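Below: one structure in structure tokens.
Labels run A, B, C, D, E and F following the written order; every chain starts at residue 1.
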């Protein structure tokens, strides 16, 4: 298999096809223009500079273009950066598209769709089952396309469904180990908890927050969707079944400071919150380790409140 | 006018009609039963003990009964407490009801209803006007009966509407002083901001939190009501008008730690939050001063994060 | 099966055998002596008062005695309390011992011993396997007898081993779901993480903190034990294997504020911390729900930072 | 009216007169010198770079000079920045002075002076009236010239008096709405609360903190001034009138963490604190909105603890 | 020497002269009156109950009376409490006064006066020397009589001067060890830092906060005194000498949260703050150890943020 | 004596010998290479840029090289920076070594060694004396060479021993002033408290954290060393003597948030903590003052939680 962006070492010269994710035209201190690029393939994204860019280059190499690049991997302020030596448009016959260069969930979409279908039968409480089925259907397209976050963790196409299924799997194991847990409620909460992100975020490419996302937030957005679904399904929104389902979803950030308007007061809400954190932190540790040499510490990770992560040499 | 509960001084003997708000039968250390009462009239509530209660007294003097009481005001752990000397049922011919002994808002209900009617015409944005009109109509009865809180501030019958109107008045003055403020939005937000308390709380007497109140909270509850109202009125819930109205309401506690899922990002949301705090703290200071002698400091007030309040002798 | 202490309802009269866990002689305000007792059976502990105690009763009914009790369940400050009507020594022929009245782990000791034996073979890294085997052997007796905490969670005989195995089971599932996790390290960390409690606490009955527990704390105490074990086994304490094992154990409280001298910087340390919190909070929710009627909220739980817990009526 | 600095859009070429607020000579990475300027007119300040500056330019274009500038508006790290194309000294015949390029309060100085004169008659308590009159007279010049802060809010010439009067207006409305408020005390407190800034800050141009400002702070500085005024007016500094006035001023930051040595314990102190915050946050929101396109969010605002501000498209 | 209050052990019967510090008449649950006393001698204070008090006893045994007491030491809620068996007025011929029963500083007043006189000559900066001399003279009587705090540390007659001298001694040693420290400034700051307590507190017996103490606080009160002294001595209050002296005094609590309006920005201010904390915490540890058996932990100490203190058996 | 790096003023041209502490090859925006250097002599370190570096220069001027430098002192972002004009290798005949350019403790090593030898005799408790002697011997070389921190305070060769002795001197004075302090324990704790830094840090030149330092931390590392020493000396690690010694060392950071697993519960632990902070903050103030002009404020100091430090002009 061809080498990817992140397969090349410091100071190594590379030649490969990449996607231009963004391209800013800037003026250097000597008055010349250069292009500050972000280049990507399925191994990740890396910034790169094309110095002394001429008018033609500026015109050709805009965001969304797929290019054949010659470059050298350097370091800038402790982070990898490319010195771009040459860019050329790729051969159209290769029929490459942006999707060939985007990180995706390590599980195929169809497999996720199938599993979710099966899961719905495991929610034995009819109220919760109907709400979940209704909302997953309503947001079907985006649920399998969106990332789970703008940055930090599962920030790739399909990340939302993938992260959701990771939590479902954890939830199933916990329900097996602690049999008094209400598995229906836990599964329903797990499937819905981050679904508001399909409204909060703009999509899987160049992800930003929408106006609704900033002003309302995904937790309240999914709560509203549940209430509207209940209305459409002619369910009583003040029945206990609907109160506990909304509570479990509203409380899943655990603390008011993290944006939940209530702290978990129901066992399944507490478990969902902790499994959500567990899966997210495993993903952040994995990211950090992937960019760190064995025997070394990563840089400080914002999403881990500034901790460094150690990449052990010991594997067993 | 007859003297009220709080008009009597320490060690003074009193004789007056009061409402029994609660009555707990307890066993003293010498084995005898006594009744731990909470007595109330329009000046407020005070605990009182009826020692050595006999079976007949225990039967007669239950919560909700109106009684003629002889008692002495004492102090227990720095707070007023009654030593109840005698209780008798009141003469039925007086036709007294519990409502005669309940603290109420210092503004008549009809006057509040009239003012709110007028206010609706000052919301010139049709989306906001329709939503507010719809929801005030839906919760009309409770809006004028409920307190604004379980304890702390405006914890009396009609307190919710009264607190709401206080904020409306402040909002009108602020809009006049800062003409770029969107007065329609500020008024709409002010009228709706605490309306969820009609679902969060149980009522104006012996107020407790409902299950919905504990599990969802009044901020999310009113947000859901707005969304359902929009649905009923066939308005687009993701239009900017509806996003900013919900944002202003959702953000009115100002900080995530205080239960808002988002911090105010719109001027009118910030103003509503600060006026809400201003009116609440004026009410808490007034309460504290009312129970403190001039020239003295009150006990520490929980709702003011443990501060004492000074009652100045200087009046001018 | 005979009814236990917690099977009786409020105001119900009971008659059963219980263990006196503590007995304080106090003087009532009328000058008479009474005994403030804590009574227990396998359903839990409850305080009780024996009023007007005579000299003989004071002499007979001391801590550790097993008695036949007649009593009424009452409520004092929102918590259950017994009014003890009569106490008598139990018939010696019943051959009851204190252990018959103590809460124990819901898993038999031998089963736990067997499982731990098997687990040692799953730690494939020889350094970690040797350390774990050495320390579990050294603290074998106490590991299966001690509670996992003085109060809050798993505060019963055998609670330490039981809590440890719960985490082991969670850890095994997580390792299966995330195959890059170093299962050996996670299991070794899980088995050792709370072993210092055998030095920090005094035992399973009337548990208190030892001087070493207060002055050093169980996290540092087990770290010291690991270092001494390494010394005894002639292992290099500054090898990576030993550094990461100690790190995982030292970091398992997650935050400096919770007593870990370092935050988790290794994936397995992060996971161990989160599984530890998960199991502890499930146990605290279960406790709270067990003492709360369906459809009601518990009192505020200290170990859950003052949250109330809701006991849903919905079971499915 | 001629276009101002902030009237030009991104990438637009401009030609206008501006004041050089600061000019730093720096060496570019290619060894050439350039001038890092801050340019200003009444629409605000903007940084600008004059690349490849020669010795003559370096000599001519120093801080305080008024220049005719040709430039292009660019963006640097998300903030506006000028690429300066040409600078020339302005025609002396225009008789422009620095004051023509400085932001000023949106209220004329004389109008503010007149209103303050009238206000003194509304302080009916003679002690407070004399203290306020004495201190406003003592600091008369600076009170009408200084900004209310170095940055964040009301950071313009006359900002101190303007911010003070805004709070006075709010205070008058609150006093009308809550008639038990001691308006004399609230007005006296409002007029004095930030007067210490005339000692804490260096002036309205290139504002910095003075040594006294850093070491003592404006809250203590005005308290000292009150005490000295009382001494000069032969008033008893330990009378209640003087204690409550000082308290209201000392407590106006509300929290110890914000530099008040005491939290408000008097109603008027609490109100002053909240009105101060209200006016300041309105000003900060206005600033943020002014630099943000409708329908967009501002950058994160330091003075609003890192919040973004939304500029609604809805105006009514 | 006769045995003191704290020399008697639990359950031991005692007979000795004590001062009644306070006497509250209360009604027991059986309807009888009793007196809740606080008794004191130079070993400390202890609460005590005189049950079934008759009218004569209630009249005789009021606060301030010196009595001959027979009592038994008991424990109530983990703290010592006396069961008072008999009280009688002391023989007047003994000529005992309240001062014979009050805890005092472990250093004679005259010795403290003498040392302070000497210290003034070591402040070589004339501005600081004049200010300190002026203020110590002005508050001479109270400085040697007042406690250093209402509770927590040095809460005894003469405690203020004694605590001040402890810090002076620490300051002298630090100045010797770090010769670049400005000893004059450090000594001046040490002598003045808590002098505001003579205005903040009511005196050495039944110490309470004054109105000025609550509303202004001792830090600002001494700062005002410095400014007035400077005025009286015709010194420029904005000279550096006076700014740094005030800063050192204002900043001595170290953090805004602890009531300093500024944090230490001058070396001597930082040192004064840390020595103040050091002496206070030594006194709190000593208090806690004095009430704890060797080998045991004290109860949780409020002034040490809830820590327990260990009393080691090891003495060397 | 020859002028040192920090003796030259802004814009002054200098010529002197310096050590290259680090040398990074970077590419300027114009495509040319330059060397980003850190230069040092005994007056401190300063960054410097050698623009347009040729291949020969890049090869010659690497970290560790001693060079004769011509440069001009400039300012970059408020901090001193050198524009390097010329570099040449120094004459080998001068026999200069890196040690001639490193900041060292202001006390000769031999003097420190001698004093520590004497100190051991003042620890009269044989357990503590043996442990301290054993560990100081074990880490003898590094104890006198290592810095006390990577940055912030005492970050120079010999800083660890020097900081330790400073605290010892403070401890001796405190023990003299408060005679009930256990001087043996305080001295033993002072001598050991930071000894773990010999394992936590990499050395005195280009100091970094070791893997053990990051994963375990110096507090736990020295605690482990004490336990191993006790083992080697056949002392009981759970004797009170060893518990209190470990406690004093473990608690010396004072707060859990600062990395101590326990807060000080023994007087000597509290004192050690406060003396440690005192010496560290004096060193940080001294550093800040040394880089600040009299009458000016330093930049914000990270180690002093962002405070500025004032350099008074007043010296007496």
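Just so we're on the same page, a contact is a pair of C-beta atoms (placed from the backbone, for glycine too) under 8 Å apart; a residue touches a chain by one contact, two chains touch by 3 or more.
These numbers come from a predicted model, not from an experiment.
Shared contacts of subunit A and subunit D, meaning chains that touch the two of them, come down to B, F. When the contact pairs of A-D are matched by residue number across B-D, B-E or C-F, over half of them reappear in B-E. Work out the mean CA point of subunit D and of subunit F, and you get 43 Å between them. Inter-chain spacing, taken between the CA centroids of subunit A and subunit C, is 39 Å.
The set of subunit F residues touching two or more other chains comprises 29-30, 211, 214-215, 240, 244, 247, 265-266, 295, 297, 308, 310.
Listed by label, the pairs of touching chains are A-B, A-C, A-D, A-F, B-C, B-D, B-E, C-E, C-F, D-E, D-F, E-F. If you check the complex, the residues on subunit D that touch subunit A are 28-30, 32, 34, 51-52, 74, 83, 295, 297, 308, 310.
In the complex of the two chains, the subunit B residues touching subunit D come out as 124-125, 166, 169-170, 173-174, 177-178, 180-182, 184-185, 240-241, 244, 247, 263-267, 270-271, 274-275, 277-278, 281-282, 285-286, 289, 295, 297, 307-310, 312-316.
Residues of subunit C touching subunit F in their complex: 199, 211-212, 214-217, 219-220, 223-224, 227-228, 231, 237-238, 240, 243-244, 246-247, 250, 256-262, 265-266. By the touch criterion given at the top, residues 27, 29-31, 211, 214-215 of subunit B touch subunit C in their complex.
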